[in-house]
Structure formats: structure tokens, C-alpha cells
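In what comes next, chain A is part of two complexes: it sits with chain B in the first one and with chain C in the second one.
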Partner chain A sequence: MAQVFQVIGTRPIRHDGLDKVTGRAQYGADIQLSGMLHGRVLRSSHAHARIKSIDASAALKVPGVEAVATAADLPESGDRIAHLGEGAVNLRHLSSNCLARGKVHYKGQAVAALAATNPHIAEEALALIKVDYEPLPPVMDVREAMKDSAPKLHADVFTEEMGQLKKDKPSNVAKHFQFKLGDVHKGFAQAAVTVEREFHTATVHQGYIEPHNATAMFNPDGNVTIWCSTQGAFTVRAQVSELLQIPVSRIKVVPLEIGGGFGGKIRVYLEPVAAVLSKKTGKPVKILMDRAAVFEGTGPTPGSYIRVKLGADKTGKLVAGEAYLAYEAGAFPGSPIGPGAMCIFACYDIPNVLIDGFDVCVNKPATAAYRAPGATNAAFASETVVDEICRQLKIDPLEFRLKNGAKEGTRRADGPIYPRIGMIETVEAAKKHPHYVAPLAPGSSPFPRGRGVASGFWFNIGLKSSVTASVNNDGTVSLVEGSTDIGGTRVSVAMQLAEALGIRAEDVRPVVADTDSVGYTDVTGGSRVTYATGWAAYEAAQDIKWQMLEKAAQLWKTDLDNVVYDKGVIRAKDDPAKKITFKELAEKIQHKGGIVVGRATVDPPWPGGAFATHIVDVEVDPDTGKVSILRYTAVQDCGKAIHPSYVEGQIQGGAVQGIGWALNEEYAYNAKGEMTNASFLDYRMPTSLDLPMIDAVIVEVPDPKHPYGVRGVGEVPIVPPPAAIANAIYAAVGVRMNELPMSPGRVVKALAAKK
Partner chain B sequence: MATVFIPALLRDLCGGRETVSVAGATVREIVDRLEAQFPGIKDRLCQDDELRASIAVAVGAEVSRQGLSAAVAADSEVHFVPAISGGNLGHVCN
Partner chain C sequence: MSDTKETTGLSRRQFLKGSGAAAAATALGTAAAPGALAAQAPAAQPVPGMGPAGVKITLQVNGRKMSSTVEPRVTLLDALRNYLDVTGCKRVCDRGTCGACTVLLDNKPVYACSMLALEAQGKEIRTAESLVQGAKLDAVPAAFVRFDAQQCGFCTPGFVVAMKAVLEQNPKATPAEVEKGLAGNICRCGTYEQMRDAIYSLCNTKRGS
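Moving on to the complex of A and B:
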């Protein structure tokens, strides 16, 4: 039977809303400390070069300049892998990405930094640091980089195949792996229709509004405090600890409000550099990036080359699938090729599958996570081929998904069998939606219109979360959590505590704490906070309830077995007259010396995964190639929507970012490997003026493991848009777009080729 | 006994087998018994007495955070899959 909720499913005002809309919220750039210096970072002017020498003597002579830092100021990390709580990282690469050691591998890589008494002096002096480079040829394209003849980024990177290094020669291909299920040759032999296509996707940035920032204060006693914009304060602490060889107990990371991250604010860039400069000067040092530095110096998501082949029998049942995915890792190994390959056929039940994945270094910024990392690239390819099969077999694309969609018991290509999931439910909801039921309306313009659909999958994850919750004598609860709040998670976590205690969401006061003030908590990522930190809040509420029952039993001088907690009221079983509300008891126990603090730390199993199915109508101007989005509906299984407004917001935000991938966004490079559009004027992200209202449709297939059925919602909505739009463009003008973004120029070119 | 799904690139070590039935209460015991049967496979899966940083283990449908210490029930499926993580720092490793 479905649970009945008092708080969950309502739409209270978020606790941090007032501070944010009135400009009072504190972001990293707002930090001002006594005697604070301003740091600036010198970035590589070459995409690939050997650093012969760095001469900072002239810069250090500028009045007001107090210190310069280079890689020589960072301890040699060695070729170690550090486990940072939510993943592992090669420390030598991470260190070199903060301050380049020996070589630069992309234009914009940090080479040196300095601290001065004001930002103007810092900028002026930065230009006086002389770096002597020996330029090397760059390689910018994933397939070019895979060739034996390509320039090699690293002399010590070899292709790894499942634990085996091919040490005969260095390679830009850092990793190859393979998934194999059934027998693809036999499978394709059964196919009545086989479609094989190639796809390319561009390098795109998360585009968070707030640039990276860090302020560090290194005390003489060896303790350091870092204020920054991050998705994970504990992960910053772990990275700084490893990079600077400082015990974690000597590092306090204070996460400030965060103006977007989408996966891009997990790896450190400025934090260790600010700490080194602070140590050298004995003063606090603040470093801010500008937009160009964010584009050129921080991790975008990879460009990719993908080849997909799918076969279906004459009834429309998928019988075999084959995929080859090569993802650009950027400067250092580590593209999201693993999840990309795991996601590419994850929406479907295909008995015979062969998938090869390759992680490839190129002279671009080291890639970082970006909302469902790797899955959007993959879905663009697979969902476009699915659409082509549907057209050849003359099957409605949603009917096709109902016939082939993954469900509980389906084995994914990488092996595991799905638990209860909601792929089919999203397709059923899309099929019934007025958008899909209504015929595509002709417009007043003469431009052709088309409709497309696509589905998508993302894992969502669990990981560790901690909370403490203190009962105040006015009946409110102060909730301290370690998850930085990007998308309204203070309220979604607080609502789960409130639901469990039977109090109002407004009576919970959530605070995001620093690393000295709350238990270890993994990053805000993987759509995990409402799921895992919410679970921790639920457990802390159970702890509070237990203590409140004890207090009530003491108050009434009765046995603990004789008191029950029911929706915020404590009652004696043997006496209906004995009852007390949570608020009344909170006040009473305060006067009797009782203090109630609940706490919990969880490391829950992963949720069953999230699915989405999107519908889009587009109009294509055949003369200019401009694609306009006329109507967009995004259906998603959310498990249980704790705060529907913020779930809808996540769905809409993810869909808009996916539309940006589809139509506009790409890093443009010249022949020298220099990004030529490192500003928001030239790197075109969609705005509200470009798009209609995104209709977000919440489907609820509760995750059976979670106390409230939560699955997590933040990532999967970015996955279907590029494929859905490509399919709509085909429906409108009859050309298959196989490269992202589907910008006006590419659409015009494709139309010309059709003629 | 648990059913271990051998990763495609390790099947050459196992005579081409896709699955192997192995007794063991933990992933560590499973890996040790695989090694006894198919020498060299442990080195491909593990480093410094832990699963390699780029590899995760799924017992049944769930990816475990316990690595080699993860409990394995008698009728479980065991899969070795690429490690993914919250912000995907996991994909930085090599």
C-alpha cells in the first residue's frame, strides 16, 4: 500500500530562499578577511609544450607582490592513486592540473600563481612571469589521438585493459574495456533490420554561473582553513591533504553557497594553490577565476566518437547491439567512458551485446563530471539509431520502447540485473500525455515541423552522508548536514526529517556545515543527496523519536513500552488522556535538563536507477538551419518526489542543458589548439528566451529500499534531449544529424547534402 | 555457489567462459578461488590487496562499497564493472 505523507509531496518555501533572492547569501567571492591577499593564476598559452623554465624574478620585484607559486612548491605526489571517499584519483595528474609540472597539456592549464596586495597588482605582475616553452604539436580530436602517429601527451601512459598495461609503447589511449553479453553475430543473423551509424559529439562545459573560487588561510600552527565553492567539502579536504601532504585533521573546508556545479566543482583547482600562497605569505589568499579561465582551465565534458549498430527482428524486437565508444579524456586519463558504455543500451532488453570503450587523452582541459557523465553522448547515438529502426519497421517509437524497454529482471550489458525500475512507466506516461496524443500542429510559418522522442538512463548513487539534528525548546529542530546545497536539497532533506518526526518542514532549520562540524559526507553528485542525506535525516529522526519516547516515559513515570510516537504526538498506551505533542515535550524536557540530539550516518545501497522519456516538437528553417523548440515534455521516474517544485526544476534544468548540447554548445578550437569562444557571448547556452516552458511530468515508481521511495532526479533529464531533437529534425526535414551540436551551419550542410 | 560473470577482457584467462560457479562468503574468497582456478586473474582485478581503483564489484544488482570485503550469498551473481562515483572522480583514475 502506498505510504500517506503529511510533508513529503508538498511545496514549502526553501529555507535558503530569502537569503538568495535578497542577495544576502554568502558566496566565495564575498569572503573578505583581514590582511587578505589576492591571487592570480598564470595559464599556459600553448596547447602542448614542454616547460623549459619559469622566471618570476621580475614579478616578485613589483611592490605589493608577496609570493609566487609553481609546481615546485607542491610536494611530488608520485604516481599514486588516492581513494578520496567517492572515487580514486591519480595524484600526479591532479597535482599537475593545479600547477603544471614539466609540461603543459592544454591551453589554459595553470602554470604559476602569485599573491599580491590587490587584484590589479596581481594581474600586472602576472604578465611579468616569464615561461620558456618548447612548443609541441597538439592533438585535439579523439580519433586522431588514437593513431600510432599522433603526438603523445604522456611518456608514461600506456593502454590498460582490465588490469593489464600494454607497456610496449606509450599511448594516448589510456584504457580499453569491453562488455559482452550473448553472441552478437548470432543476434544480428536473426535481425530483419540492421542500422549502423557513426556519431560525433562536441566538448561542452557545465556552464555554472559562479566561477571557481578559493580562499585559504594557513596558520602558523600548521592548520589551514579553506573557503570555497564546491560540491563536496570533504572531497576538497581529502584532495588538499593528499596534494600538500597535510593530515586531514589540520584542514577545515568551509563550503559556501554554490552557484551551480553539475559535476564540475568536485576536483580542486585553486584550493591547494591558495593554500600554498597563504603558507608562503602568512596571510589569507583569495583566488577567483574569470569566465575565460573557467572555460579554458576547468573540466568540460568530453567530445566523443561513437559507432552504434542495432538489429531488430521483423516484429520489432531488438536482437543485437554493438557499440564502439571513444571519449576524450582531455589532458589526463579519466573520461566518463565507463558509465557511457554502461548506459548506451541501458534502456533496453537486448540479449546479444558487444560494447568497446576507449579513454583517450587529447590536448584539451582534463574532463570533469557533467550531469550523468558520459550518458548523454551515448544516448544521442543509440536513441537516434533506435528511431531509424522504428521508421524502417513502421513502428511507433513509444510502442517500440514498450516492447523492448528494460524492466525489473532485465540484464544490462555490463552484467547486473535491474531491480524495480520505471523505464516502462515513463514510456506509458509519455504515450498518454496530451503532447504525444495531439497531432503536430502546423504553424503560421512555412517552415517544416517534426516530433521526436528519446529515452535515457542514469545510475544514481548512494555513498556516505551524515547529519545531526538538535531539538530546540521551541519545538524546532536544527539540522546540520554535510551536503552542499545546489538544487534545493536543504529543503528536501529537511522535509524527510519533518515527515519522520511529524512536524512541519518550516520547523526544521537546515544548515550546511564545514568539515569540522559534521560527520563525513560524500559529494553532492550522482543525484544522491535527497536519496542518501535524506535517508540519514530519516535515521536521525528515528534516533530523536526514540529519545523523545524515553523522555515521555520518564515524565509520566511509565515504562518505555507503554509510550508510542504517532505523527508528532507521544501517547501512553494505557491512558488516552496522556498525550503530548513534539513541541510541548521539547519545551518540557529543556527545563528538566534533557537534551535531545539525533544523529545518523548512512552508506546506503545504490538506488535502482533513473529513467526518462522526452518528447519534443521542433521547427526547422531550411534556409538558415535554425532549429526552434516549439514544445518540450520531459517525463521522468523520480521514485518519490519529496518537493515536486524542485524535482520539476531539476527536470527542466537538465532538459535545457541537454538542449544546449543539442543545438548550440561546443568548444571551438583553432589549429593551434586554442579555444576561440571562451566567453558566454561566443559559447552560446540557451536562455529562457530561446525555449518554451518545459513540461516536467513526474512518474513515481518508488525505490523499494529507500524509506520514502526516493531515487534521485538531478542527472537523467540531460540524457534524452539531443537524440529527441535529432529525431524531431529528421521528422521535419528528412536528414539524420549525426554530430553535436546540430547548429544552423551543420543543419544547412546536411540539407544541402540531401539535395 | 555464487555465479561470477567474467569480464569480457579476462575470459581468455578462463578458457573463454562467461560465467564460473565459485564458492565463497566474500568477494575476497571468490577472487582467491578464481585465482587458484585461473592463475593471473587476481592480478588483473586487484592491486595492493584491494580491487583496482577503476573496478567496482556488484553483488546481485547492487554495486558494493565494500570491495573485496563485500559479502556474497550462495546464490548471488558477482560482476566486476567499471567504477563510477558521485562526481565521477573515479573516472580520473587510471
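Moving on to the complex of A and C:
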């Protein structure tokens, strides 16, 4: 039976709303400490070069400059692999990404840093640091980098071929793996239609509005405090601990408000550098990035080359699928090729599958996670091929998805069998939606219009969360959590505590705490906060309930099993007159010397995952190649929408980023491997005028394991847009776009090629 | 977003072309004077680009006179944030491309990153902080709160100020006109839908009508 909720599903105002709209909320750049120095980072001017020497003597002579740091100030990390938040990293690579050791592998890589009494002095002294480079040829494209003849980025990166390290010669291919299911040869033999296509996608950036920042204060007693903008204070602590060889107990990380992250604020860049400079100077040091540094020096999401082949029998049942995915890791191994390869056919039940994945180093910034990392590239390819199959078989694309969509019991090519999931439900909702039911109306303009659909999958993750919750004597609860709040999770977590206790969301005061003030909590990422930290809040509420029942039993001098907790009221079973509200009891126990603090830690199992199906109508100007979005509907299974407005906001936000990725965004490089558009003027992200209303449709197929059925919602909405738009462009003008972004120039070119 | 040209005599492009110091010199109408920092640098190794010494400025910010000593090249944005502790305006691109630094300058919205602090003297500057007086919240930020037109909130003060500017200039503005006034601002979290809800309520118009 469906649960009946009082708080969940309502739309309370966020606790931090007023602070943010009036500019009072504290972000990292707002930190001002007494005696604070300003740090700046010198970045490589070459895409690929050996560092012969660094001479900072002239910079150090500038009055006001107090210290310079280079890789020589970081301990040698060695080739240790550490698990720091989302996935494993090689510490030597991470260290070199903070301050380059020996070589630079992309333009914009940090080479040296200095601290000065004011930012202008720091900036100008930076220009006096002399770096002697021996330039090397860069390799910028994933397929070029895979060739034997390609320049090698690392002398000590070898291919891990199906789990075996091939130590014979260095390679840019860090990894090759395969997922196999059934027998693809037999499968394709049964196919009535087979479509095979190639795709290219450009490097794109998360584009979070707030640049990276870090302020560190290293005390002579060996304790260091770091204030920063991060998706995970504990992962910053772990990374700084490993990179600087300081025990975690000596590091306190204070997460400030965070102006967007989308996966890009998990890895450290500035934090260890600020700490080193602070240690050298004995003063607090603040480092801010500018926008060009964010583009050139922090992890974007990979460009990729993907080949997809799908076969269906004449009834429209998919019989076989083959995919080859090569993702650019950037400067160091570690692209999201794994999830990309797992997601590529994840929406479908295909009996015979073969997937090859390659992780490839190129001379671009080391890639980082970006909202459903790896999945958008993959879905662009697979969902376009699905559309072509539907057209060849003359099957409605949503009918096709109903017929082939993954369900409970379907096995994904990489092994897992799905628990209860909502793929089919999203397709059914899309099919019934007025957008899909209404035929595409011709507009007043003469431009051709078309409609496309696409689906997408993202796993979501569980991982660890801790909360403590203290009952105040006015009947409110102070909730302390370790999940930095990027999009409103203070509220969605507080609401789950409130629901469990039978009190109002407004009576829970959520606080995001530093690493000394709350138990270990993993990153705000993987769409996990409302799911896992919300679960911890639920468990903490159970802890509070038990303690409140004990207090009531003491008060009434009765047995514990004679008292029950029911929607915020405690009653004695044997005496209807004996009842007390949560609030009354909270006030009473203060006088009686009792204090109630609930606590919980969780490490929930892997969740069931999230599916989305999007519908888009576009108009294409055949002369300019400009694609306009006319109407957009995004349907998504959210398990249970705790705060529906925030769920809608996540769906719309993800779709907006997906639309930007589809139509405009890309890193442009010249022959020297220099990014030529490292500004918002030239790297175009969507503004309000680029976008129609995005209709977010919530479907609820509860995750049976979660106490409230929650599924993570933040990531999957970015997955379908590029494919949906590509399919709509085909419907409008009859050309298949196989390259992202589908910018005006590329559309014009594709149209010309068709003629 | 009005071009900074109107208010500063410098177009955004000109400003970007010149170095900060050159732009400062233009604005001052003087050649750059040798400053304390340049003078301290060893003679054999002149520090490139070191600007003139600090000058005292007084800005009228959110109804208060605020003074500080800044180098002429300091932008209005950096003066507000780093010298006067008015941090509601955010430094996102520092190149006039995102709107996060939007402030009202004599009631007109400008990118604070794209003008010099010196040029803002004698003008009335208002930031998002001015839109809450004691317990009273202005209708524009109140609508942002009510419709939750924010996720990470970092772009939000800039949008609030830009929207306030349109509605102040034309209280009868239509939702489309208000939205046009936001074209110079970027929200990467994609909260445009919720902003539209806020706009419609501020314009007393029902959405979809």
C-alpha cells in the first residue's frame, strides 16, 4: 500500500533562500581573514612540454611576495592508488595535476604558485617566474592518441588490457575492457535491420558559475584549516592528507556555500597549494581561479569517439548490440569510460551485447565527472541509432521503447540484473503526454520543424552519510549533515527527518558542517544526497523517536512497550488521557535534565537507478543552421519526489545543460593544443532566451529498499537531450547529426553534404 | 543589460582591450604615474605593468558613503567585494559575459566587473544587499524566494538586480520584457523556469495566458 505522507511531496520554502537571494550567503571567495595573503597560480603555456627548470628568484624579490610553491614543495606521492570520493585516483597524477612535476600535459596545468600581500602584486609577480620548457608535440584527439605513432604523454602509463597490465611499452591507452552478454554474431544473424554509425563528441565543461577557490591556514602546531567550495569536505580532507602527507586528524575542511559543481568540484586543485603556501608563510592564503583557469585548468568532461551497431528483428525486437567507446581521459588516466560503457545500452533488454571501452590520455585537462559522467556521450550514439532502426522498421519510437525497454529482471551487459526500475513507466507517461499526443504544428516561419525522443539511464550511488539531530526545547530539531548543499538538499534531507518525526519541515534547522563537526559523509554527487543523507536523517529520526518514547515512559512511570509514537504524538496504550506532542515533550525533558540527540550513519546498497525519456520539437533554419528548441518535455522516474519543485528544478537544469551540450558547447583547440575559447563569450552556455519552457514530468516508481522510495534525480536529465535533439533535427531536415555540438556550422555542413 | 558605454564612456570591448592600467589612465585622463610599488621594484628589473599607487575613493553604496584606497585599475566589482566588503555581487567571469556582478548604477544595471571603481564615484550604487531593509524584503527577491528561483544561488543576486532594474524602470513591463532584461545573465543550474514563475507573479500575469 502506498504510504501517506504529511511532509514529503509538499513544497516548503528553502531554509537558506533569503540569504542567497540577497547576497548574504557565504561563498569561498567571500572569506577574509586577518593577515591573509593572496595566492595565484602560474599555468602552463604549452599543451605538452618538459619542464627543464623553474626560476622564481625575480618573483620572490618583488616587494609583497612572500612565498613561491612548485611541485618540489609537495611530497613525492608514488604510484599509490587511493579511493577519494567518487572513484580511484593515482596520487602521483593527482599531485602533478595540482603542481606539475617534470612535465606539463595540457595548457593551463598548474606549474607554480605564489602568495603576496595583494592580488595585483601576486598576478604581476607571477609573470616573473621563468619556466624553461622543452616543447613536445601534443596529441589532442582520442583516435590519434590511440595510434602507436602518437606522442606519448607518460613514460609510465601502460595499457591495462582486459585486466592485464601490458608492461612492454608505454601507451596513451590506459585501459581497454569488454562487457559481453550472449553471442553478438548469432544475434546479428537474426536481425532484419542492422544499423551501424560513428559518432564524435567534443570536450565540454560543467560550467559551474562559481570559480574554484580555497583558503588555507596552516598553524605552527601542524593543524590546517581549509575553507573551500567543494562537493565533499571529506574528500578534500582525504586528498589533502594524501598529497601533503598530513594525518586527516590534523586537517579541518570547512565547506562554504557552493556555486555549482555538477561533478567538477570533487577533485582538489587549489586546496593543497594554498596549504603549502600558508605553511611557508605562516599566514592564511586565499587562492581564487579566474574563468579562463576554470576552463583550461580544471576537469571538463571527455570528448569521445563512439561506434554503435544495433540489430532488430522484423517485429522490432532488439536482438544484438555492439559498441566501441573511446573516451578522452585528458592528461591523466581516468575518464568516465566505465559508466559510459555500462550506460550505452542500459535502457534496453538486448540478449546479445559486446561493448569495448577505452580510456585514452590526450593533451587536454584531466577530465572530471559531469552530471551522469560518460552517459550523455554514450546515449547520443545509441539513441540516435535506435531512432534510425525505428524509422527503418516504421515503428513509433516510444512503442519501440515499450517493446524493448529494460525492466525488473533485465540483465545489463556489464552484469547486474535490474531490481524494480521505471524505464517503461517514463515511456508510457511520455506517450500519454499532451506534447506527444498533439501533432507537431507548423509554425508561422517557413523553417522545417521536427520532433525527436530519446531515453537515458543513470545508476545513482549510495555511499556513506552521517547526520546528528538535536531536539531543542522549543520542539524544533537541529540537523547537522555533511553533505554540501548545491541545489536545495538541506530541505529535502530535513523533510525526511520531519516526516519520520511527524513535525513540520520548518521545524527542522539543517546545517552543513565541517569535517570536525559531523561524521564521515561522502560527496554530494551521484545523485546521492536526498537518497543517502535523507536515509540517514530518517534513521536519526528513529533514534530520536526511541529516546522520546523512553522519556515519555519515565514521565508516566510506565513500561516502554506501553508507549507509542504516532505522527508527532506520543501516547500511552493503556490510557487514552496520556498523550503528549513532540513539542510538549521536548520542552518538558529539558526541565527534567534529559537531552535527546539522534544520530545515524548509513551506507546504503546500490540503488536501482533512474530513467528518463525526453520529447523535443525543434525548428531548423536551413540557411544559418540554427536549431531552435520549440517545446521540451522531460519525463523522469524519481522514485518518490520529496520536494517536487526541486525535482522539477533538477530535471530542468539537467535538460538545459544537455541542450547546451547538444547545440553549442565545445572546447575549440588550435594546432598547438591551445584552447581558443576559454571565456563565456566564446564558450556559449544557454541563457533564458535560448530556452522554451521545459515541462518536467515526474513519474514515481519507488525504490523498494529506500524508506521513502527515493531515487536520485540530479544526473539522468542531462543524458537524453543531445540524442533527442539530433533525432528531431533528422525529423525536420532529414540529416543525421553524428557530431556534438550540433552547432549552426555543423548543421549547415551536414545539409550541404546531403544535397 | 545596458551597455557600459552609456555610463562609463568606455565600451566593454575597449575596456577589455586595454590593460587594466591603461584603461585606468584613460579614465583618469592622465598618464599613469609611477606608483609606490613600481618605485620599490629593483631598477634593473622593472616590474611589468605595475600600476599607479592607490588613490582614495568614495562610493555611495546602498545608501551609505564608503571610502577606501584602491589602485586606479581596481574594478567596481573588486572594490565592492575586496575593499568595501559588499560581497553580494559575484565575480564569475570578470569579463562582462555572465551578469553575476550586476549592480545598479544610478538605477541602471551595469556589469561591475567591466567598469573601474573610480568611474563609479558620485553615482548611486545599489547591490542585492540593498533589497532587504531590516525585516522588509523587496518584492523581487521575495518572488525569487517564493518561487525558489535558485539552486546553487551564485548567479541569483545578479539576476535579482537585473530584474529589479527592469521593473523599476517600467513597473508595467510585460513578462517578456522582464525576461529580455535577463538576457545578459547566465544561470548554469538552469533555474529559468522558476524565474519565469517569479516574473509572472511580479507582473501580476498568469502563466500561460
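Note that the second predicted complex is superposed on the first by the 752 of 755 C-alpha atoms of A that agree within 3 Å, B and C clash if a C-alpha of one lies under 4 Å from a C-alpha of the other, contacts with A are read in each partner's own complex, and residues count from 1 in each chain.
Heads up, the rule we're going with is that contacts are C-beta pairs under 8 Å (C-beta built on N, C-alpha and C of every residue); 3 or more make two chains touch, one makes a residue touch a chain.
For clarity, every value in this text was computed on a predicted model and none was experimentally measured.
In the three-chain model built by superposing on chain A, chain B and chain C fit together without any clash.
Of the two partner chains, neither chain B nor chain C is touched by A:431. By the touch criterion defined above, A:121 reaches chain C but does not reach chain B.
Of the two partner chains, chain B is the only one that A:163 touches; chain C does not reach it.
Once chain A of one complex is fitted onto chain A of the other, the partner contacts of A:341 are limited to chain B, with no touch recorded for chain C. In the overlay built on the shared chain, the residue A:25 is in contact with chain C alone; chain B does not reach it. Applying the stated contact rule after C-alpha superposition, one finds that A:90 touches chain B and leaves chain C untouched. Judged by the touch definition given at the top, the superposed model places A:490 against neither chain B nor chain C. Closest contact between chain B and chain C, by C-alpha atoms in the overlaid model: 17 Å. Chain C contributes residues 37, 40-42, 45, 47-51, 71, 73, 78, 81-82, 85, 87-95, 97-98, 100, 127-129, 131-132, 137, 141, 144-146, 148, 150-157, 160, 179-180, 182-196 to its touches with chain A in the complex.
Residues 5, 7-11, 18, 43-47, 52-55, 58, 60-63, 65, 77, 79, 81-94 of chain B are the ones that touch chain A when the two sit in their complex. Within the complex formed with chain B, the residues of chain A that make contact are 81, 83-84, 86-90, 93-94, 157, 160-164, 174-180, 231-232, 235, 263, 266-267, 332-339, 341-342, 357, 359, 366, 368-369, 373-374, 414-419, 459, 461-463, 522-526, 528, 603, 605-606, 608. Against chain C, the residues of chain A that register as touching in their complex are 11, 13-14, 16-18, 20-25, 27, 29-30, 32, 58, 61-64, 119-121, 124-125, 127-128, 206-211, 257-262, 288, 290-291, 486-488, 645-646, 648-650, 652-657, 679-681, 685-689, 691, 693-694, 696.
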